[in-house]
Amino acid sequence: MPRSTDVHAQAPARGRLPLRSVGLSSIRKPLVIERPGRSHSLAVTFRVAVDLPADRKGSDLSRNAEILAEIVDRTAARPAESLESACSAISRELLARHRYASEAFVEASAEYFLRRGLSEERRSFEDYTLLAEARAVRAPDAGAATVHRAVGAEAVGMTACPCAMETCRARLVAEYPALADRAFDDLPMISHNQRNRTRLVFELDGAAEVEVDDMIDAIEAAQSSPTYAILKRGDEGQVVLDAHRRPRFVEDVIRELLLSLPVRFPTVPDPVAVRVSTVSEESIHKYNVEASHRTTFGELRRGSA
Amino acid sequence: MPRSTDVHAQAPARGRLPLRSVGLSSIRKPLVIERPGRSHSLAVTFRVAVDLPADRKGSDLSRNAEILAEIVDRTAARPAESLESACSAISRELLARHRYASEAFVEASAEYFLRRGLSEERRSFEDYTLLAEARAVRAPDAGAATVHRAVGAEAVGMTACPCAMETCRARLVAEYPALADRAFDDLPMISHNQRNRTRLVFELDGAAEVEVDDMIDAIEAAQSSPTYAILKRGDEGQVVLDAHRRPRFVEDVIRELLLSLPVRFPTVPDPVAVRVSTVSEESIHKYNVEASHRTTFGELRRGSA
Amino acid sequence: MPRSTDVHAQAPARGRLPLRSVGLSSIRKPLVIERPGRSHSLAVTFRVAVDLPADRKGSDLSRNAEILAEIVDRTAARPAESLESACSAISRELLARHRYASEAFVEASAEYFLRRGLSEERRSFEDYTLLAEARAVRAPDAGAATVHRAVGAEAVGMTACPCAMETCRARLVAEYPALADRAFDDLPMISHNQRNRTRLVFELDGAAEVEVDDMIDAIEAAQSSPTYAILKRGDEGQVVLDAHRRPRFVEDVIRELLLSLPVRFPTVPDPVAVRVSTVSEESIHKYNVEASHRTTFGELRRGSA
Amino acid sequence: MPRSTDVHAQAPARGRLPLRSVGLSSIRKPLVIERPGRSHSLAVTFRVAVDLPADRKGSDLSRNAEILAEIVDRTAARPAESLESACSAISRELLARHRYASEAFVEASAEYFLRRGLSEERRSFEDYTLLAEARAVRAPDAGAATVHRAVGAEAVGMTACPCAMETCRARLVAEYPALADRAFDDLPMISHNQRNRTRLVFELDGAAEVEVDDMIDAIEAAQSSPTYAILKRGDEGQVVLDAHRRPRFVEDVIRELLLSLPVRFPTVPDPVAVRVSTVSEESIHKYNVEASHRTTFGELRRGSA
């Protein structure tokens, strides 16, 4: 007698093995968010998953796609507050519809455009990356789930190397005796410089809200210079000179960024964790140079991060 | 008076902030390894990094490139035992030459070819991915560093969906009354099937050695079927039928793989951790389905993973 | 005496070598287009370039970025008609501002979302790719430039293999004698099936306009089946069975698509060229299978493409 | 009565449509080539295809995989002369085994390592890309097929911008009056500099042989500077200064490279076509700048390319 059983709900063929995470990845959806003074239509890549108990063969993955469709599609009519608020809502709904799951995971990234420029008349759209995560944990007593959120951004800027600047200056003096009487810090500021990608993520467990545009500002301030789509001839020189006046190793980018956070984000509570990573696509090597760190606002405020 | 100071060794401009990791990434090197009966020339992508204390501005990154060159380049004359043994050696040398560091990290991945086929006369090279990691931790008393190693592999195979097979069968019966008298399990085995990529990593802290070819065998046995470059017309049918006789969700792939490990690797000690992840590039969706888990050989042996 | 010369306008250091193309690539911009009944905010990747005469050292690339900013940024307030109309406008403006150039090239691609589903209540956003090109050629007599346009789309769907279906059926009969009395075409429709990406581009020189949503429809009709984000359990079976009722080699996908074009696009003139390419990410192999062709509407209508 | 017909050899279901290209792509194989004084084990990505006449439903793709296996796998025992000679052999064999085809196409790319360094004691492996193509055309009179070959290479190096150097100098003079009495060309050589990828391909129809290492040398000589894995502190300064003494737009890279070819490759015949493309991953922009050209050795020798 034919039947169509719910294969997912069956017991696994053998063994008793719970799984940490089962879900969808690389799923693309359009999400509209409302920002002060404007709305943004984002093309978001989502990963949405839940854990799976040992006594169940499969996770009901069509529910993940349905939840995404409901929450994401309706932002076309009523924009979400932010990418991370959408992720939080999705993580709660995942727990609600996967009754057997104890945790739900959502990760999202999207390209994001801001009008920026070296001056007012040079402004045009620059591209950044928005990041958001949410992890919902089911309460033991059927209470409301706890949602651990993270919000982040990535910006591409420029780094000029402090070390090569030193050695270039030493070589210049050796080759050009006319420069020998100059103070070292007055010597020409030649160095290698390159694209740098820096990522900043805040693990916001509680109610703290941060403005992601401020996170992008913080990143760009920590690089040797922001970069711009429109640079007329004089502007190029200014960006290059500015960058060489702030030469930065990847180590410097991380530290400058972290040290700036307590001042830029005074209302973020001490327990909030901070993840930073940075990659310089070295112009003098075929490989990249990178650095990363994880600390908390509290440690940064106590000066012991 | 000009000078060429060691900029890296200076104190940071401000703050006291140690960093978890500073190093090189996306650096490509050719590495020769000796396997039973043959040597393999691998094109390896390395990440090599160390931590950085708060009182030092920069990490001496040219040492990382030198260590790689020394250890990797000399395998052209004298092959390494394995990718992970090369990573271990690199991690020890990183600690030796970065005296200020307390930890060193090495990650490596490389394409790897094995001659495989549905039958002896169909054998040709199939491509896999080798993975290795090493983390060296400096001993507090100037003793030898402890090295935590990981070895892994990734294989592309095929999964056929168990759920769609059920619903296809139910629909077939509804549309073809002639099938109604057949036992359900004798009904046609139609389903969607797709590329699956599965990754297996062992965190081998101690002296245990595993043969990475055995890890690849374990992965392929957990998928619905391995895939092959050469399939003559009759062979295609055999692979398709074999895969549909072993329909597997991503959840099944993970569980079958984990449950097979105690038998396949009896000498690996209980504390060794196992990481598994799998991705099915769904043929009926534009997105992927994935699952992952982390456990230990001990938990797998106790049946409580 | 210091100076700031226009380096680009200088003569090259040596040789007399014109260059075919100099420009910007991988530049990302947000573009708003107006479609019937709705507007779409696209994140577009542009390539914008012009040729360079032998007597000029460099191309004024900041103009390319300015043109993009002007034309693209203003669509935030006043949407463009289409991606290809924006490309045409950009190509004309490139020629206008690079007085030394005789040709200008623009290429654009963008993700594009349409609400689709197996049924009305299953509809959600599916992701596609829009493509557009424009090549402006300066008129010899200072007249208006000629613009050669192309518009295209790419859709991901599913193919089921006709050949493996034959051999699976033959094997089934051999293994299950009970099936021996069945007509071959009534045998179970088992085969391998996989993701297929198919791209269709029309080289529209003249005034013809096509609706890109119709191009996406044409692609999906040529694959074994479209694919959907939301498939409840019964739906999966339907998509799988539908796909196996239309088994398609990559050769079939190309031919079905090309043969459908004269009927679907009756107003497109004969000289319009058509480019088609398709890639099946084979589930039974680690490699892809692909096919491509280029013809014209005229040849397709004459049955001699 | 069940049957297993050769589905590929059937007539297409409808229409009469020949196809330009049907084949395999993204297939990875290990290939051993013999170079003067050493052998290289390459991990090659192949595309192998043939055309298809209108009266045939499908191309026999398993033959493509078999040919690759035979020709590529046997180089483990007997190395090929070069990547392009292997491609030529594969293209001939494709025509031999696809009797219905009139053309066969092979494209290959592979990572390639050479020991290079700023000085003898700094030498280590640097990574490059090898490229090869072969197109075999069936002779009308059943004679031997004609094979059109191409050989190429890509190298990553560094470019320093000539224009920003000018404007930086002008700004420096404005800000530092002490520099005002210096000749402009004695002013500091500060500019933006970045990774540059340049590709050179020769379309060698006849018997001409070129050494691909010489093509890599030509590319690196056309960039502002090669880049190296190992640069000790003094070396970095030298590479940076060298690069700024040879500032190069992408236009300059293309022209310097093309103009160097008649001298570097005196035996390559006039009809041989040359394709060059270059991409600078701008440090002051988030986008790339690129240039490309196609000409012949004859035109380059006549000074009219």
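Order as written gives the chain letters A, B, C and D; numbering starts at 1 within each chain.
Keep in mind that, in the parts below, a contact is a pair of C-beta atoms (placed from the backbone, for glycine too) under 8 Å apart; a residue touches a chain by one contact, two chains touch by 3 or more.
Please read these numbers as outputs of a predicted model, since none were measured by experiment.
Trainee: Quick check: more C-beta contact pairs at A-C or at A-D?
Mentor: A-D
Trainee: How big is the gap, in whole Å, between where the Cα atoms of chain A centre and where those of chain B centre?
Mentor: Centre-to-centre distance between chain A and chain B: 26 Å.
Trainee: State, to the nearest whole Å, the distance from the C-alpha centre of chain A to the C-alpha centre of chain C.
Mentor: The mean C-alpha positions of chain A and chain C differ by 31 Å.
Trainee: Report the inter-chain centroid distance for chain A and chain D in whole angstrom, where each centroid is the mean of the CA atoms.
Mentor: From the centre of chain A to the centre of chain D is 35 Å.
Trainee: What parts of chain C, by residue number, touch at least two of the other chains?
Mentor: 4, 27-28, 65, 127, 163, 166-167, 170, 187, 229, 231, 233-234, 285-287, in rising order.
Trainee: Please categorise the chain-chain contact pattern as a line, ring, star, complete graph or other.
Mentor: Drawn as a graph, the chains make a fully connected set, so complete.
Trainee: Which residues, counting only chain B, touch chain A once they are in their complex?
Mentor: Result: residues 1-5, 7-8, 12-28, 47, 49, 52, 57-59, 61, 65, 162-163, 166-167, 169-170, 173, 180, 184, 187, 249-252, 254-255, 258-259, 279, 285-295, 303-305 of chain B touch chain A.
Trainee: Residue numbers of chain C touching chain B in their complex, please.
Mentor: My answer: residues 126-127, 156, 158, 161, 163-164, 166-168, 170-172, 176, 178, 186-195, 225, 227-229, 231, 233-234, 236-241, 243-244, 281-287.
Trainee: Provide the residue numbers of chain A that touch chain C in the complex, in ascending order.
Mentor: Per the touch definition, chain A meets chain C at residues 4, 6, 27-30, 40-41, 43, 62, 65-66, 68-69, 72-73, 111, 113, 115, 124-125, 127, 229-234.
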